[in-house]
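Below you'll find the structures, each written out as structure tokens.
Two complexes are shown next, each including subunit A; its partner changes from subunit B in the first to subunit C in the second.
Right, the complex of A and B next:
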């Protein structure tokens, strides 16, 4: 096949894929952080978490492309509405099963995932939707490296959000309550921490992070009703790699996975890139069942 | 077990089921019944792992798909007859189960679930992308029908009722197998592992061996159903390995009643027939289905069977 452009410099390709991988990792991190937080505080595996991103992406699509809100406004509204959605989800779906066996909890969240996917098909159809922002089309060009501004925005805002999250979890009373509940639920109830309120806030926070992911990532690609399924599983892979319930471990693993995937696509195969993520996860599970950064826990 | 020990209820169910295609005389209802019976057989085999040993596996649809693909490939490339294809499908599913089981059984609870889920997803990725063998999304068409040969005698499943009776036979065999396995020492050992793995291990039970036995016998049945399905549908696609099938099986077992003999058939009937009935509200069908799963998990956490048993006891007490 004749090449139109001159052979790109190898190091430039590496830089470009690194940027792509980091922005992909940022999306994984935003989804996985919420999943890890929810697992840490409630010990619930939320199988509908990827569907949260799908719902948030359609929400962003409605606000931005259909209602015509300004981009920052649409993104912020998505975050706020997703926080409400998360709180509502906790109250309607999670709370009734919180004292049941983990298998029952899993069936409930699987049901929620079926419901959300099909509600999206009902409302928006199966044809992919797009909500491109002007930023998505503009490229930051440095020599032969070009990265879309939207990706840079995704990465920078994500890192900022995690910094704020860190301050919140370690600095505020509510954040301390969250960490306390994840360490010992019974002791918290005994000393008068409202575990139910903490649960709602954890869900709201986890969903807000997903909303942020949607607001930043939706302009970059297609929005489809089934986009969340693989994402849920990958977010799990990341949470497992990071050590179950450990938010920081999940975030770091997400970036590692994102970068690894970008290079696999570039140098190996785009068809098997997802299989590769799961192989990595299985390898981690077998060699270090406590995760890359985790302590040994009984799960 | 002897045939005499089959209860009146089971005999009645068999007679009613045997009359189904003649009674309804509708190709649509017969094909719904075939799907239901396939789910019954799959749910029984899945229950060996989920209900008896108490491990949540997401790989079961993968065994079904493996069986279907092996059967289709053996027919296409080697021209094997159905019994040979069936044996190959079962053997292939067992081999895959061993490959998945060896690493996954080292993990517990959530990790086991996620690990088997990863294998299930990888199976679908391979089926979609290994074009040279599976033709990918173009599917493997033209799988020959179920045929039996003995010397010059030859029988071929041609009509929908033929396939219905085959599916019925398969479901009954799966039932008998599970019943046989669970009423013996093996079944009691499984329950011992489910109730307290450490205690069972301390009592000298080779845990891994028994877990693997449940996993592989479940896989063998699923592989057999896969071989049947390949001939019934006459085409095998990567979508046969989809996550949605595993979700259906999990819902059938958990909301039917896991670890019981009545749970898988009742769950399969309710959750296969239900989406069909909901066709009245076509667009809303699967939304309502999802909602019913959530409500089921909230109000029937132990399944329909346990709930019905409790209700019956209450009625008896008040009467």
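Right, the complex of A and C next:
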């Protein structure tokens, strides 16, 4: 059978891998930003954050593929429902352990992760679910570069969401309260800022970002109970690189990691992607131990 | 007072004697361990094997069990991880005290737990793991407790490579899962295709969702053929994303569960896989139609290759148990399996060779008109 695809030249391959890396980075960013925000405000590492994406993806599947809602409505509903889920998670899982030792917090969030995975297996089984949109099958082709419109939507909406997040965090009273609590919780309580309310809203916001990630990314692949595990590991690498608690740092690091992975595959091998990814993370930490956007802390 | 003590002692003695004796072992259930990946990236496989086996045992229990004894299952989760699998199998043997096992589902785990099976003296029947080393290390000169129902990659890959791939392409990109199964099959393909140029050999971890970077690189190398050593969730993702990055005009070959109805179900358009070919040890056929209906009714899911093999594996164990005269235990099940020679509808003649491997015809499958078709069946003995 004659081959139909023209041979790509180097510049087109670079462009294509850049597009691949940015779309990968967008998903990492949506997960990592929430993780960074939660750590920044509550100083808790949520080991169940990858499972939030899994839950959000199943929610989207239920609304779009099963209930038959129109895609925009299903995506928005997923974001709203995940915000509510995040708030509930904060009240039931996080609040009882927020003043306990880090070991207790780790066990609580890890336990929640295992519970969420097994709940998904019980409710949905292990056969992968799919919720593709028409945009996932329609391709934009420019020479040898080809990308689905769903992936373009993922990238564009993600960038838009982070712009809105930036305006919220820096321009609203609630955003300022979140930044204040992340700097000094006790001082905030002393001046009358409701830290508890800020904690719930932070979790809701972080979960909503994950819900947005699911609404944009779920149409592109399989939805399985364990889909969040590999992503959690990458999200942690990104958050560490960006400076723990630094949302801007997490977002920039996510895109750097996504692009780095794409080019490592192109010029080295897929077998070394994870090794190189963590090497990049180590390299950043060696040069800037506080992460790309973190502040140095004196002892 | 003395009479009261005498009555008490006689009563207790009678009670102890009533508990002992051969009649009590006939009432205890026969326990079958399911050593499968119940969680992790390969959980779908473990879930399907378990359900297939469970259906067979439920049907047998409804028919009165075996020799008046019910069949019970004990689930062990090996997570498709050798270290976890060793502990899981140890628990099945020492705590659950199973009489036989079905598993391990993943070649890496099977190879790791074989010494544990030998130490524990429990027979285990593999139904999906395909690495040839399992056969080499079983039976004569090896582990007398390990058996394999499914065909191994040495049998299937050799036939598929020479009969199909070598005649159709001159260059090939290999894309395999990063496990003993994936690497083992890739090595055999390379060995059996000396006239075919392998332009790239890429590996990915189980559960990976993003393949665009690897596919973009593969596209730039322009192979005539693309060999996927993968299971259906990743295979569907790879084929979808290959289309998305603009790969076209190349032949797709599979070794795993690539050309299967369950893979096509995961594609947005099943016709995207038209022309793909694969060698496999099981395919839906006339003999399994009734089983497919019963499975769907019981579990509300379609019968897959893996669940089909779980069922057939359980049937093989049941057949062995039915031939046993006397107590059904681990050793007698092992001895009975070595002597088995029967026709298993949906698979073929089941007779273990001296390395405890079965030989029945394999299938070469292809996707034509957006559906799975059997191109040919090829004997493997």
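Rule of thumb we're sticking to: the second predicted complex is superposed on the first by the 282 of 299 C-alpha atoms of A that agree within 3 Å, B and C clash if a C-alpha of one lies under 4 Å from a C-alpha of the other, contacts with A are read in each partner's own complex, and residues count from 1 in each chain.
The rule is simple: a contact is a pair of C-beta atoms (placed from the backbone, for glycine too) under 8 Å apart; a residue touches a chain by one contact, two chains touch by 3 or more.
No experiment lies behind these values; they were computed from the predicted model shown.
Participant: Check subunit A with both subunit B and subunit C modelled on it and let me know: fit or clash.
Facilitator: clash
Participant: Just subunit B (first), just subunit C (second), both, or neither: which does A:271 touch?
Facilitator: both
Participant: Looking at the overlay, what does A:88 touch: subunit B (first), subunit C (second), both, or neither?
Facilitator: Neither subunit B nor subunit C is touched by A:88.
Participant: Answer with first, second, both or neither: which of subunit B and subunit C does A:229 touch in the superposed model?
Facilitator: both
Participant: Looking at A:157, would you say it contacts subunit B, subunit C, both, or neither? Reply first, second, both or neither.
Facilitator: So A:157 meets neither subunit B nor subunit C here.
Participant: Using the touch definition from the top, say if A:15 reaches subunit B (first), subunit C (second), both or neither.
Facilitator: After superposition on chain A, A:15 lies in contact with neither partner.
Participant: Identify the partner contact of A:195: answer first if only subunit B is touched, second if only subunit C is, both if each is, neither if none is.
Facilitator: The answer is neither, since A:195 touches no partner chain.
Participant: If you stack the two complexes on chain A, which partner ends up touching A:112: first (subunit B), second (subunit C), both, or neither?
Facilitator: first
Participant: Quick one: is A:286 in contact with subunit B, with subunit C, with both, or with neither? Answer first, second, both or neither.
Facilitator: Only subunit B; A:286 stays clear of subunit C.
Participant: After superposing the two complexes, find the one stretch in subunit C that runs into subunit B, choosing from 95-103, 203-211 or 347-355.
Facilitator: 95-103
Participant: Please identify the positions on subunit A that touch both subunit B and subunit C, taking each partner from its own complex.
Facilitator: Residues 117-118, 121, 229-230, 271, 274 of subunit A touch both subunit B and subunit C.
Participant: Which stretch or stretches of subunit B touch subunit A in the complex?
Facilitator: 56, 103, 106-111, 113-115, 117-119, 121-122, 125-126, 128-129, 243, 247, 250-251, 254-255, 283-287, 289-294, 296-298, 301
Participant: Residues of subunit A touching subunit B in their complex?
Facilitator: Contact set of subunit A toward subunit B: 45, 93, 96-97, 100-108, 110-119, 121-122, 229-230, 233, 236-237, 240, 244, 271-272, 274-275, 278-279, 281-282, 285-286, 289, 299.
Participant: Which residues, counting only subunit A, touch subunit C once they are in their complex?
Facilitator: 1-5, 7-8, 13, 16-17, 20-21, 23-24, 117-118, 121, 125-128, 130, 132, 136-137, 139, 141, 144-148, 151, 221-222, 224-227, 229-230, 261-262, 265-266, 269-271, 274
Participant: Okay, in this complex, where on subunit C does subunit A touch?
Facilitator: 39-41, 43-44, 46-48, 178, 202-205, 207-210, 212-214, 216-217, 219-220, 222, 224, 233, 236-237, 240, 243-251, 262, 266, 268-269, 275, 301
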